[in-house]
Structure formats: structure tokens, C-alpha cells
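Okay, structure first, notes after.
Labels A, B and C are assigned to the chains in the order they are written; within every chain, residues are numbered from 1.
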Amino acid sequence: MTTFSRKSSFIILALIISPSVSATRASKFQAKKPCKRMVLYYHDKLFDGTEKDKANATSVTTANASKLSDTNFGMLVVFNDPITIDDKFHSPPVARAQGFYFYDRKDTYTAWFAYTLVFNSSEHKGTLNIMGADLMTEKTRDLSVVGGTGDFFMARGIATFQTDTFQGLYYFRLKMDIKLYECY
Amino acid sequence: MTTFSRKSSFIILALIISPSVSATRASKFQAKKPCKRMVLYYHDKLFDGTEKDKANATSVTTANASKLSDTNFGMLVVFNDPITIDDKFHSPPVARAQGFYFYDRKDTYTAWFAYTLVFNSSEHKGTLNIMGADLMTEKTRDLSVVGGTGDFFMARGIATFQTDTFQGLYYFRLKMDIKLYECY
Amino acid sequence: MTTFSRKSSFIILALIISPSVSATRASKFQAKKPCKRMVLYYHDKLFDGTEKDKANATSVTTANASKLSDTNFGMLVVFNDPITIDDKFHSPPVARAQGFYFYDRKDTYTAWFAYTLVFNSSEHKGTLNIMGADLMTEKTRDLSVVGGTGDFFMARGIATFQTDTFQGLYYFRLKMDIKLYECY
């Protein structure tokens, strides 16, 4: 278990030890250096409605796409997805991602996510709560880590998404680079 | 109205007054002691679709459970639920909880919540915004208080859920232990 | 681009420079003065289901209102709405608001929002993540800015909503006064 040190405490000490450093610069420097970082893979296997998919599926469509466009605008999916440390769907999950996403654009694909990373392993116990836009057409996109519990008590930070692969609508994998900038 | 004092200010003063205390330890100690705490009861009376339930119901199913499992996976409920300081449904509410939850597990019951506690009484005016996983099979589970307004301006903290009772799908009561660790 | 300075750094410097100022008062004073402020207009043009509305519509109903009441309780809308700096729907958008809202009250209209402001202009690149109750019957109401990315890295604050106009269910405009109190 990594020892967490709190950013503002660090800044205070830095100021006391070397008061000639400008507070603004110290803060900006610190902002670039996470107090905790984890690279994780998220696998979403959307239920295709068939009996034989029930064992594998990890998410379900709970509201259908609208007729506004052919880009799934309005389609809402609830998920309970495995999180692995490599890109293999069948690797032992180190966490679950529980939450939802929906598609929200007319002329191309973008989505919006809110979910909890639930850790319950020997390494980490606790949760991280995350929300934000998934601008799927960009190579990487940033969401907000807005809170945490347990080992991640009161954490904040950034979750950077990168599409690792997708197979039509029914399977996609995201690389999630979780960087915490406020740790307790 | 409780006087709020901001944690980091406290830490700074502590460091100035007694600089031999380690910043990390001061921070961890402080983290365990909320600047504000409230124990509240949340009552969810799900609309059963009958005419006579309209007066009592406080929440509605807005998307039905999927066929993936028989654990309500994908069922989404919008609520406007009374919050009381004791466990009586008919006690005068001290706040409303406005938001939604959905069920998100195949083999047992878990849920995910995002909501606002809306206070409008002589004691408190303002809101707290909360999100996180409700791992219903655990005795207690922690969600994140990610923001606040009014009397709870910019607050952050933890909301600990405990199932107090449930009667099938149509009524359940949660004890919510709200602990704020960042107050302004 | 505005230069951001971090609040707690400011407080620390203030304490060091003038240690007779009380920490609590310094914090409260600071709390009232945003480090960044933007007044924006949000336009929601809900799809009415007709072919000719497809070009203009910016949002869709993805779950219908329940039968609990005639106030749209449970109706859930996904949006990708233009954000302008004046109140004209056809002004060039300075951002998009991507997210959802739903109605959640039996006897009058209230709603609940979670969304991302996505900025991609010469002035700002980045996002702000916002959630909270929209108590529509009140003149102004506060939601929480719970995180940010890019130019708004790790920001927190308050988004004050004011209804600017509405035309039945299918068009409404909100004035959003975004005040950030934590900037990096």
C-alpha cells in the first residue's frame, strides 16, 4: 500500500523550508505530479439479448437510442464491468467498474460516463468516483475523479481514457490512466 | 448553525504553532474527525403503479430491469425521497433527497446512486451532492459527498449507507451517516 | 487565458505575511471571491419526434414520464446543448453541455442535472463537470462544479442556474453563472 502524503501539506512545508519559491509555481509543479497513479483496463461486454450471452455480458441497455440520429443518441447502458491490469478480458479483475454511460451526439459518437471503481483486493480496498464526457473521437480524453473512499479516502484527480479496441457495439476496451492529485 | 472552520487552515495553524508535528500525521488525524456530521434516514417508497399508491409513493421506475438476470440489473429509479432524523416515514422531513439509483449486478443486488440532499429548514439551507456505489450486501458502504451549496458551500466528505429495513422492492430505508471533512 | 492562483496557497501566504488575521475569516473572505467566473447561456431544444425537428433538436427524451403525476416525474433527457455567451440560440457556441436531466417532483416541476461543459475554443480547452438539483421554481439555484480538466484542471465551484426563458417542454434557456473557488 502506497503511503499517501497530502499535497497542501507538501506545499506548506516547501514554503516554510524554502520561502523564496513562489506559491503559484510550487502549486503548478505539484499539480503535474500525481500522488497516486494506476493504469487499468476496462472491458464492456454489452448484452446482445441472447441466452448464450448471459454468462459473458457485463452491461445492459436500459434505454434505447432515439430516432434523432443513427449514432445511438440517448442510448443508456448500465454496467458492472471487470477492471484488469492488462488488456485481457479473462484476466483476474483487480476491481469492478459500476455505473452507466450514454451516447450523446447526433453526427458522430460521443458518450458520457459516471461510475465507481470498486476495489476489494489485498492491494486496495475502497472506491473512486468518476464522471465526465467521453469524447470518443479524440485519442485521449480526461474525466474527473471527484471523490474516493477507503484506501482512496477523499481523493481527487483525473481519469484519462484511451480506446484500446472495439468490436462493433458489443465489446469495447478502454485504457484508464487514473492520476490522483489530492491524496490524504 | 455550526461554525465551519476549514481543514487546511487548521493544519497550517497547527504547523505554525507546533512545527515539530509531522504534516502527514496531522493530516491523517484530521481526516478522521469530520468538521460536520449528520445522521439521517432516507425513505424510498417506490410507486407500485396503482391509483391508491399515488399519494404515498416517492419514487418511480423510469427504465425497467433487463432480461440479463433476475436481480433487476438495469432497472433505473428516479426519486424525491423524504429525509428524517428518526426512522419514521411520517416524521416531518428535514430534507429531500432528489436523484436516482439503478441496480447493476447479475448474481446479487447492488445499486448505484447519485443525488442531492436539499435542505430548506430553519436549521439548514443548502444542498449536498452525493454519488457512489451502494454495495447492498455489505453492512456499511461509503459514497462520496462531492460538493455542496448554501450552508454547505463547497463541502466534501463521505456518506456511509446502512440498510435499516426493506419490504420487498417497494419500500426500503437507509441510515445515512453524512461526514464532511472539508468545510468552508 | 487567466492566470490561476491556488486558494490555499493564497491563504498560506496571507497567514505568513500577516499572521494576526484569523484563519477562519481569511477562508470565508476568500470563499466569496471566485478565482474564475463565466456567465454562459444554455439552450435545450428537445426533439419533438418530427422529421423537420431533427436539424435543430439538441436533446432527446430517453425514458418517458411515469404515471405517478402530470409533472413529468421520471422523464429523462439526454442532451448535447450549445453554450453561448449571449442569449441567442444561433450565436456561435463557446462550449457544449453534454449530459442529462430528469424531472423528479410530483406536485410541481423540479429537475436534476449532471453534465460536462466541453470547451474547445481558442480561449479555453478543457471541461467542467457539474451536478446537482435544479429547483426550477426558485429564482436562482446552485449546483456543484465537482471537477475539471485541461484549462480547468481540478477546478471546483458553484454553478448558479437562472431560468432565462422557456417555451413549453420543447425549448428552455438557462443562464449559468459559473464561479470557480478552487483553481490550480
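Heads up, the rule we're going with is that contacts are C-beta pairs under 8 Å (C-beta built on N, C-alpha and C of every residue); 3 or more make two chains touch, one makes a residue touch a chain.
None of these values were measured; they are calculated from a predicted model.
Student: When chain A meets its copy chain B, do both sides use mostly the same residue numbers (more than half shared) or mostly different ones?
Tutor: Different: fewer than half of the residue numbers at the chain A-chain B interface appear in both copies.
Student: Specify the angle of rotation obtained when superposing chain A on chain C by their C-alpha atoms, rounded to a multiple of 5 degrees.
Tutor: 120
Student: In angstrom, rounded to a whole number, how far apart do the mean CA points of chain A and chain B lie?
Tutor: So the centroids are 22 Å from each other.
Student: Can you list every residue of chain C that touches 2 or more other chains, as numbers and ranges?
Tutor: 8, 12, 63, 76, 114, 131, 146
Student: Which bits of chain C are touching chain B when the two form their complex?
Tutor: It comes out as residues 8, 11-12, 15, 19, 23-24, 26-28, 31, 63-64, 66-69, 73-76, 102-106, 110, 112, 114, 131-133, 135, 142-146, 156-158, 181-182.
Student: Which positions of chain B touch chain C when the two form their complex?
Tutor: So the residues of chain B in touch with chain C come to 3-6, 8-10, 12-13, 16, 47, 49, 54, 57, 60-63, 76, 78-80, 98-100, 114-116, 118, 126-127, 129, 131, 146-150, 153-154, 184.
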